[in-house]
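Encoded as structure tokens, the structure appears first; notes follow it.
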Amino acid sequence: MSNLTLFSVSDLLVTVLLTAIASIFPEPIRGWLTNPDLLLGLACLVFGALLLAASMLNTILLIWWERKLLGRFMDRRGAMHVGFAGLLQNFADGFKLFKKDTVQPREADALGFYAGPTIYMVTSLVLFGILPISSGWNSGALPLTLLLALAVFSFAPLFIFVSAWSSNNKYSLMGGMRSAAQMIAYEVPLLLAVVAVVIVAGSFDLTTIVYEQQNYWFWGPLFLALLVFVAGMLAEMERIPFDLPEAEAELVEGWNTEYGGMLFAFFMLADYLRALVGSILVVLLFLGGWTLPTWVPAAFTSFPLAGIFWFMVKTYLVFGLFVWIRASLPRVRTDQLLRVGWNRMIPLSLLSVFLAAVLVTAKCLPVFGCVPSPGG
Amino acid sequence: MSEMWINMGPQHPMTHGLWNLRVKIEGELILDVDPEMGYLHRGIEKISEDRHYNEVITLMDRTCYVAGLAWEHLYILAAEDALHITPPERAEYLRTMCDEFQRVGSHIMWYAAFVQDLGLMSPFLYGMRDRDLVLDLFQSYTGARMTYEYMRVGGVRSDLPLGFTDRARRVLDWLTARFVEYDQLCLGSAIFRKRCDGLGVLKATDCVEHGVTGPMLRSAGMKRDLRRDRPYAVYDQLDFDVAVADGADVTARYLVRMEELRQSVRMLRQILDWLDRHPGPAMAEELPRWLGAPYAPVGKEGYLLKRNYPKGVGFSSVEEPHGEAQAYVVNEGTEHPYRVKFRSPVFANISAARQYLVGYHVADIPPIMGSVDVCVGEVDR
Amino acid sequence: MGGAVEAKEKPNENPILWVARPMATAAKQFAKSLVRPSTIVYPFERLEDPKFRGKVAVESGRPIGVGEVWDNYRGVHALNIATCISCNLCAFSCPDLCIDMVTVPGGDPKHPKKCPQIDYGKCSYCGFCSDACPEGCLTMTTRYELSVTKRADMVYSPERLHEVFRSKLPMNPIRLARPENEDAILLDPPLCIGCNACARDCPTQCITMLDVPKPDAKPGEKLPKRIWKEPVVNDSDCVRCGTCISVCPKECLFWGTRK
């Protein structure tokens, strides 16, 4: 099972299809069609399309998941009429947004206005090509997937700011400013928390990090880092309590005030893509990725696609935690957010790095067992 | 960012109604504010002059859409004062019950809207859910959930239906348990305290200067409540305390309103007990013919001119959920009031916005204005 | 009475608990609403459904059965055309002027029967009309679904209101008692010309024209040119609609206390 990856599936698909098509043509054309380079290129395309479909499907499912969970937290039901248990409601909403006019404010800067949401969306999608979903998903493809993922992840504030500034609206501008300030403030503790994980795991490769957690998941020994990472992720995802760039009470809709129709849908989808990525990163870095503890009976881990299944279960549960936080906490204020970010989170994350170093030096912990050898 | 004016309103999530708060900001800092009212002016005072005394009641529910019964009571007190009518005691108790239930409903509605301004969505829905029970009760005896049209000059439209007091007591039990949850969600939250402590301070002296009344005044430590200081209806026969706090900030207003909710529940229990024990008429028997239920047409020259009904001037002031409301009714002996004038507490409360907003952050505007409990319907009238 | 209670804040607690407490409260609510949220799924369930009568407490967390509170609701009117006496009182009492009296078939050709037609675009559901109705033929029901696609459909003709009546919805039982000291229709005899207009138009036929003796003309005095009849009002049948006052050409009828 471990060799079944999205890319191998798409490679197989392309090969079978192309060979079948090529078989009806005479020799020179058949040779061109079965050219391995062409196959590889087409496989990449199909891979991309499948990835896009999978990630969008997951995002929409995530929105549904949030609506249902949030509904229960709020003593109501959430979407329930379109499709089974409201599963298709988001498709209906998306279609409605798709039909709508895109209204561009008269004084807005067209380039920034349209480029902002597009690039925001694209950078969020790129992440899905990087993150491993199960064993052998893309192992060995890149040695520094974690760094690359976080680098792409932190593109967003720039383009939020671009789109906010170019929509030429005071509320948008304030929202963009807040967004930029907040994301920069929270990038630092986030990365430091990741450093703690990297120190313990000894690798920047996400697949390796997951395999390093076979003895124990990192959330126990690196609990401080997990807290900092979750808080930083909340700020990066702009979710309550850190959603003040789009605090609807004072800023209407913050940086996407002027966006409607499909451009708004881009922002919305990209927000949830980022939320999905955030949850995935928490699962990968702290919750053992697609693995389960060794004491779990083999029946739970040996069925087809078990890795992906457990990975998704964990991801949705982590996102459920974010929803829970959203349901019970109010929004903080800009200055408080920044003060907490610079004054509290960074020392905490430095402390967590220190703890990780201690952990690695001590090799073994009484409760959790031993750290595998670095780079292992 | 240099200084700039932004318009928070008339269509803005912060406003809770149709009004405009112009804010001069530098970055996130508020330099100046300028509240603009009048978007919801419907000329209720002028329309009242063209209606029978009882027909004005339909307008009162629309004056304040979260505390309709309190405004009905306010108008009725003034009109009865002007018309020299005394309602029976049971009617007074029923009206007081309306007032207090309305206060519970209005304060819960305030709670819901206020926490929603802070970005807290689930207490908003808890609040709306719990207010619905109060509306259910209203519906069971007034016949409507929002536009009650319950009080009449000389009494109330109808007495309570069977089993009402038991239902009401069950609702009160349920609500009392919910108030604990409200506190857990707000006071128990570090972020809530960080957002609200020391925010929007309006000292008692400033309150008095600007005519600010109600929970805002009491949150500044001033023990002023018309129900205690100038009791109307049957408040002088009820046992209750005036809720005060001394912070003068958003948290203090929250505390005062929450305490008022508990005091209202305490009063309501007494009222319900009284109502159980004292059946009686809910409408005055000695009513002028033209105030009775069917309004017969006026004769060609107006039959009331032949009536020589005694003239009079009525004044009333009521501790409405938002503050002290006042009404003034002039009776010139005709079937219409000659002049009706209302004093809205919220108008004064938001007119003082400059006093409690300048110097804070833009992000503080929603909690501060939320703590004022704005109801634009009565501001503009 | 009259004391003041200080609304004190809770003592400071552990800041970590501060975030934990609201989250615990929300989780408690989550667990509760997993069983059944308080929502009533409106188009499929209705507040007035019999299943909500009395036993909602278990199902949705509402402490009272919502069905119990339903019967007094002021919704669409129901009109019993058969008992309507065309007295106009509903139209007169309407503060929004949304009631028109329109002719319905069934009256006698000289004095067509008029029944209320209600424009729900204007109606504020205050219930003054049903309070005013002396015969109890115009009542308010618990029907509250009114959406239409044309503005003209908001106007309910008497026939449509009669259909509501026939649908046997629960009707608003609130009915105002008539005041004890109601004024009566009084007559200013010297002004009356005995024209029969009041008796003709009285919806309850409670006015009868009785002969009055024709006085003897004194020398030099000219008797007024009139019919020597005067209206007498039967107070127990009178609904105080004032139609007689409105139609009186000489303004000789007025409201007053009968001695």
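Note that the chains take the letters A, B and C in the order they are written out, and that residue 1 is the start of every chain.
The criterion applied here is as follows: a contact is a pair of C-beta atoms (placed from the backbone, for glycine too) under 8 Å apart; a residue touches a chain by one contact, two chains touch by 3 or more.
Values in this document were obtained by computation on a predicted structure and should not be read as measured data.
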Both-way neighbours, i.e. chains that touch subunit B and touch subunit A: C
Comparing B-C with A-C, the busier interface by C-beta pairs is B-C
Most remote chain, CA-based centroid, reference being subunit B: A
So what's the Cα centroid distance for subunit A and subunit B, whole Å? 48
When centres are defined as mean Cα positions, the distance from subunit A to subunit C in whole Å is 61
Using the average of all C-alpha atoms in each chain as its centre, how far is it in Å between subunit B and subunit C? 27
Any chance you could list the residues of subunit B touching two or more other chains? 122, 126, 129, 185, 189, 191-192
Give me the residue numbers in subunit C that touch at least two other chains, ranges are fine. 19, 22, 25-26, 29, 38
Can you tell me which residues of subunit A touch two or more of the remaining chains? 73-76, 327-329
Given the complex with subunit A, which residues does subunit C contribute to the contact? 19, 22-23, 25-27, 29-30, 32-34, 37-39, 41, 61
In the complex of these two chains, what residues of subunit A are touching subunit B? 70, 73-76, 170-171, 173-174, 177, 240-241, 243-244, 247-252, 326-336
Provide the residue numbers of subunit B that touch subunit A in the complex, in ascending order. 1, 4, 6, 8, 12-14, 28, 115-122, 124-126, 129, 185, 189, 191-192, 194-195, 361-366
Which residues of subunit A touch subunit C once you look at their complex with the stated criterion? 69, 71-77, 80, 324-325, 327-329
Spell out the residues on subunit B that touch subunit C in their complex, using ranges where they run on. 51-52, 54-55, 57-58, 122, 126, 129, 132-133, 136-137, 139-144, 147, 149, 157-158, 161, 163, 167, 170-171, 173-174, 181, 183-193, 223, 228, 236, 238-246, 251-252, 255-256, 258-259, 263, 283, 285-287, 289-290, 292-301, 303, 306-307
